[in-house]
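Across the two complexes that follow, chain A remains constant while its partner is chain B and subsequently chain C.
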Partner chain A sequence: MKNSKSGGLNRRTFLRGTLGGAAISVGLPFLDIFLNTNGNAMAATGAPLPQRFGTWFFGCGMNPARWNPSTEGLDWELSPELLPIAPMRHRMNILSGYSVLLDGEANQVHRTGVFGALCGGAPKTADTVTGPTLDVLISDAIGTRTRFRSLEMAATGNPRHSNSLRDVSSVNPAEPSALGFYTRIFGPGFSDPNAKDFSPDPSVLLRKSALSIVTEDRKRLERQLGYSDRARLDQYFTALRQLEQQLELQLQQPPPLQACSTPQAPVDLPHDTEIDNVIANHGLMAQTLALALACDQTRVFNMQFSDRASSLRMPGSTDTHHTLTHEEPRDAVLGYQPNATAFVLKSMEAWTQFCQTLDAVPEGDGTLLDNCLVMAHSETSEANTHSIVGMPFMTAGTAGGRLRTGLHVSGVGESVSRVGLTMQQAMGLNVGQWGADQNQTDRPISDILV
Partner chain B sequence: MRYMSRVLIGASVLLLFGCSNPDPSATGGPLAMRRLTGEQYRNAIEDTFGSQIEVAGRFEPDNRQEGLNALGASRVSVTRSGFEQYEAMARSIAAQATSPELRVDILPCEPQSATAPDHACITQTISELGRILLRRPLTEDDIGLRAQVASRVAEEQQDYYAGLQLALASLMVAPDFLFRVEVAEPAPLPDQPDRLQLTNLSLASKLSYFLWNRGPDETLLAAAERGELSKPEGLAREVNRMVASEHIATGISAFFEDVFVFDQFDALSKDVAQYPLFNNRMAADAREQTLRFVVDQLVTQEADYRTLFTSNQIPMTRSLGPIYGIPVRAVDGWERATLPANQSRSGLLSHASFAMLHSHPGRSSPTLRGVFMREALLCQTVPEAPADIDFTQFTQDVAAVHNTARDRLAMHATATSCRKCHALTDPIGLGLESFDGIGKFRLAENESTIDTSGDFDGAAFSNAAELGQAFAESPLVSACLVENLYRYAVGRKHTNGERRLLRYLEDTFAGQGYRVPALMGDIATSEAFRTATAPSPQAPKAQTVKQQTTDIDRTEFDDKAHVSLIVSKSKPT
Partner chain C sequence: MKSLITTVLLILLGACGDKSASVAPTDAVMAAAAQEQVRGFVFTEWSYDIPKENPGECPEGMNITDEDFFSEEYAEVRDEVKRRFDAGDREGALGLLPADACKDPSVWPDPGHILFEGDASVAGLDLDGENSLASGEGQCAHNDFTGANGQTGIDNQHYRLMGCVKGFRPDGLFDRLFDSNNSILENGYATLLEIKLVEGTRDKGLVEAKLFTSAGPITKDANGHVVPDMSQLVHADTMFHSAAFRGEIKDGIFTAGPVDAKLKFKVQAIDNYYWFRDLQIRAEMLADGSMKGVLAGYWDIENTFNFLTEVYIGPVHLGRAAANNIGYQCAGIYHALPRVADGHPDPETGQCTSMSTVIRFAAVPAFIIMPETSLQVAQKK
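This part shows the complex of A and B:
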């Protein structure tokens, strides 16, 4: 599925080969980055700045009639539910209209939309997902040289609120607390890339030895297992190997990074689904994440502002965002559900704030956001009917100049796989075709690719 | 008194498992490879190093499958961030266990010098502690490799304990510590070459995790090493001993915690304006209250399982007093209490734990409660809500006054698309409406009297106490317990070949007066429990990439309560 389409040699495949897996279908201007004529792509030391990919998830979608912009292209007309993003609109793209094509499968409420988008096809049954998700595909390609392959966060304080998985036996749990998230990155084991002196921590070598003993057991154990358990054991050893690689990196002096600084530990706020707590925790996590990226601790991240079937709630209310989307009457004058819609606006505000946080960190000649590609998405468009037609997507950042921004592209009737394929190609993955069955595509959204 | 009851259980069980009435022979299903739960991990550390060790770290979330985390444990693996946590915990535990303050009590030997390698002592330590952790005697390789690396480190660092720490940590991140891997050998039956039986050591682990939720003790391991678990009398003797042990309470508690989805307490939150009484201490106590109640009834009092639905006894703490309207004398700890007679409370269904867990953060939910009762207590399946219904079509009548949940749910009884599922969940859920979103008794909602009457599969009830009685009398309730307990024991769904065994177990359960410890003994000594079919070497057809999934998380569960209530104009302020 992730392999490029087979076929004759053409100019593109030739380019792909010579660039060693860099982005496809982007045409020649992309070479600029590699020719070192683009100052934005270079750190002060002359080394290329790391490029990062992230997802930002908000549950329960939006109201299509009020969210989708009425005009396309640059300077698209701000729609009522996109008003909050106005300050950052020129650093973002709006991708509307893309749908999960069901291929005859049932629409499993609050699941099909998100895994359809992240895995390139509708899940077949209520308890299957064909992984890996988009972020894992990308972290396999760009995340192997950092301390963390990827970082997952849930502003709702629930480690289960994660959409990131290699397969269903290994859903990457989210960090539920801002303080815990901070400690994991900047606590013990963090090596400041800008520190004057570097001496490898001798305990790291011991830890590596302890892990190496374990790998000896692999063959003996594998012999006894059937197919699916062997796959689970493989997953365990993959996790072990990734920790070994992480330790290996800690033995080397990291290259200095101008943008990196060590933040203060955040306060430990209550973490639950009440909107004010979620916004506060989200803000703290975003700040920690921004510096984790600037210090090159990871190049892939997944932030859940809210969960699938959003359990966000206003203080004092008997309802959650999710129950409101189903139960609140449409206001006769306004024509929509005002209380449910309040959460859409909160989500757009938080997304804007998230991007601003990344944008506040100077890096190279621009900001950290310039060297990121963040994809915001949801599991549905109109939550009331669990619609997976015309789902909302937004991107922010240019991945070091590989994306245009400020655009609205409407892909009415097209598969969400086009979005996922575009993300992979923008991040330099050697992928020409992606998605399953009806959702398969070899057409990225070229409007936004440079 | 407590001692007496143990002896009695032991005696009665011995009678049962010693008798010659055979169960219908059934071959078990595929072998299981189960990831330790957080609780099992903690128990293993306690059994190996003692209770002074602090296990600080986070475990990956469990994965609930078909109602049980025990089934999900056979499906999950370890993610990289999960492994990171295991490794950090292993280092912290190893450092504590070898610290000058604790090591005298924990380690089996003292090295001749703390600043040099000691081959004899390191070998003995790895071998003895490793045996508890890995639930089997260690191989020469297991020991030799670790002793070698540990000695090298001790030499280089001039610190025996630095080497030992490393060896211990490596045991605690080993796959056969973190996973319970069942191993089988051909059963000595020439006519059934595909039939496997668990090795003695695998069976020992399976028994002890089922009955005690922890690894085998030395007696059981020794019996396994002598091969005694392959003999009916050896197996019966060990099962009798284990069922009579005080650890059976831990095992029973772990099982009910799983069935009652109590892991959801970890993410439980309530709206403080709606429920000013609520706090985290109260939630933790409500969870413990129900588990204490179950153990007290089933183990201490040796009660009939069905009395869980009718008993008016309840363990109580001061933090829970206000929910039940019971004054509690003790500032700390638990005391016995009787449910107030005027709140129509009796048994589990009226416990605060259920009321809290199966509600929204700001209100009760008859539908969520009904779904829980159908799925967890009756082993029935409630279909998901239809995806494409615009629910607002039912809610547009803004002039209507919907004060109570019954008013708000009324349309579900008439609209065809709703009725099919809501007829299953709502009538019984409405029977518990006298308990609000944290379990406090109430007579009215929005100043309208609450009607808790209804019908449970043909049995009329007028309030929660009568609903509890109807549950106690339902054959579905006890059959579901048998099914859940069996699936929990084997870590997978029962196979078709095991249906007859389940019927048999239901009969013996009834015949023994619905005693759960005795039922656990029957399962543990059944043929299906100790036999298995050969694993499939290939991927299941058309399933090369997909596998069975993931959790029913709370939000997806919530979707079954998609239209449980309609926002009414008379919402409380």
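This part shows the complex of A and C:
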């Protein structure tokens, strides 16, 4: 439904003037006038607001007895290790108790938990993963019409800290620097959807043209190859076709977007695993990501707050979070490892901050977070024993109203695949069954689905 | 009859794609078991004996790790190790560290390993029939323990080896792993016990027993609890079938042995097997049909070292990382093993080649199904 009250104004309307003799233009903030009367679609195009999916990863899990809430449903009781999420608890869900069912495979420490959750089954060996991961499945469905199919970030400053992969040989590397992440999105190649003028980037035209030539060559080459080589080539060209699609988008004028504005470049901070630097990098990346999402540069993202077998460390210390989970004695009075647990609390604080950053961007009749579904997860429950029983999951956002929030659902004994299936269905994928072997399920977590 | 049953079961297993190698038993399986007076059990608990009460003192302190022992060498290369590790060159990073005795124990001389010398409330059996003293004669001389109930002569040299290792103390890494029962719940295999009545009644009689490794993991319910009375398929490799050994059920106690047994174990980064010699079982038969007790025998010391150090994630050998987490040095363990060994002296050198060890276990009824085709694999040392 078009909004009849717009009176010629649209999101591309600029306030113009001069400053010191130079012409300046200032984009308008997003106004209700740009939306339809329901506030859930663009008035100019009728297109619904984009929905986004993301993962947020924290390594080395939690202490189940202190993290799992003791009550279920709405108004669940905040547990000691979930206290930091209190300000956002009603925008989140807690999914506890879900496990990777090993099905006879070994628990490959610090791998089985994460890839069991993201791929729907326990990896067969330590150096294989049956991809693609959940985010790639979802980006195949919703990420093909944006400039970036997905964006990966590592607040730990290491591009290898990424769980996103199509198969074991094609891991999507993470952007390790907040400044680099900013430049990648808002540097050369960024096309402001609210800019008045649009002209295609010549370099993009050239790249697209080159790819077309490659495609011609491909047909000639294929005729000379055997079956396995053709299959291999096909996989390679699938990736190239995706690139072509992304480039094609850059040659089109993007639709205007309400919440999109270009942020200032962040400062470049040390890229290491010292907790204060990680938190700072994470915060800057979250802010850049929020605007990248608002500008519809991508609809899928993966944020690594820490890595598998968390290498986070406190300032001045060489003991990593991971080392502490194995070597720190449990305090006899407290009943847990205080130094290792400090990282759990830091992780929950960072997760809350991440959600608040998305929630701070107004969009439509709500906020950017409302139009997101973010799944927070880890690779273990209790890291000390590498347990993959009762893994911690949290979600934030409603994916445009497709999810309820504020709930704690306990899935003790159930497969983590139920979480992954729920994420896919919430993002509109036509998937009725997901997972492998014992982890296969056709039951989403209906408690949180609308 | 049994082979027909097995064939049907194997077809069922294939059809379901279930690698757990366990299914609900058919009526025919249950009838056959009843007719032959055979009872099967699947182990539901498996742990070393780590006494939570009175674990004993270590006046010389706890053992240290390579990270402690080589702290200066580690400090010198720490940044470069981290850089290489972050760049994905894991082997290159590990290569900067001092030579790894967990891969090759000959690279370092004995750095010393603190043995547990005192007394503690450990479980076990008197395997050699003697109240042994370390001051006695022979290389296998050792100090026995006195049990909680006053039983003397308990042989448990494994605790002498590990009693002053941080991860082996109450609330240490092993203790927590066993508390979580992951040696059963995460194990790629299960341990099976078959008891066949030879003479007398089920409650009082002579029996013949066998130990097996299963073909797949144990069956768990939706809450992760072991399901009793399921059929468990035995591993096809006869290396993991013990010979039949004699036993007795009397006054609610099952005792049997000795027997040699190799039992597979696949948990997290360990995919190996235990080699126990002259293993004995003592367990209480409980009213619900389950049993709870100890396996006590002699653990081959070469196998022990391999079991501790053959730790892999993919191709990467992580024996030293495991040792650092648990709290010992591989070189220290390697040289200490012959000192604590108390069984099976080498006929030529007299050096003992095994150490007395205790495993606490519990088991519930199960139907044990022999494989249609067994791999006739020669027993390997």
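Everything that follows uses one rule, which is that the second predicted complex is superposed on the first by the 382 of 450 C-alpha atoms of A that agree within 3 Å, B and C clash if a C-alpha of one lies under 4 Å from a C-alpha of the other, contacts with A are read in each partner's own complex, and residues count from 1 in each chain.
Here, contacts are C-beta pairs under 8 Å (C-beta built on N, C-alpha and C of every residue); 3 or more make two chains touch, one makes a residue touch a chain.
Predicted, not measured: the structure shown is a model, and the values here were computed from it.
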When chain B and chain C are modelled together on chain A, clash or fit: clash
Contacts of A:158 with chain B and chain C, given as first, second, both or neither: both
Partner chain(s) touched by A:70 [first = chain B, second = chain C, both, neither]: neither
Chain B versus chain C as contact partner of A:106, first or second or both or neither: both
Contacts of A:127 with chain B and chain C, given as first, second, both or neither: both
Touching partner for A:316 - first (chain B), second (chain C), both, neither: first
Chain B versus chain C as contact partner of A:173, first or second or both or neither: first
Touching partner for A:412 - first (chain B), second (chain C), both, neither: second
Chain B versus chain C as contact partner of A:385, first or second or both or neither: both
Contacts of A:328 with chain B and chain C, given as first, second, both or neither: first
Greater residue coverage of chain A in the superposed arrangement, chain B or chain C: B
Of the stretches 19-27, 91-99 or 127-135 belonging to chain C, the one that collides with chain B: 91-99
Common interface positions of chain A, toward chain B and toward chain C: 106-109, 111, 126-127, 158, 160, 318, 326-327, 329-330, 384-387
Complex interface listing, chain B residues touching chain A: 30-31, 33, 58, 60-61, 63, 65, 75-84, 87, 90-91, 141-142, 145-146, 149, 153, 162, 165-167, 169-170, 173-176, 178-179, 181, 183, 267, 269, 271-274, 360-363, 384-385, 387-392, 395-398, 535-540, 545-551, 553-556, 558-559, 561-567, 571-572
For the chain C and chain A complex, residues of the former touching the latter: 17-21, 78, 86-88, 166, 171, 173, 176-177, 180, 182, 185-186, 188, 216-217, 221-224, 266-269, 271, 312-316, 324-325, 327
Residues of chain A touching chain B in the complex: 59, 106-111, 124, 126-131, 149, 152, 157-161, 165-173, 180, 206-207, 209-211, 213-214, 216-218, 221, 224-229, 231-233, 235-240, 242-243, 246, 272-274, 307-311, 313, 315-320, 322-324, 326-330, 332, 337, 339, 384-387
Of all residues in chain A, those that touch chain C in their complex: 99, 102-109, 111, 125-127, 158, 160, 318, 326-327, 329-330, 382, 384-389, 412-414, 437-438
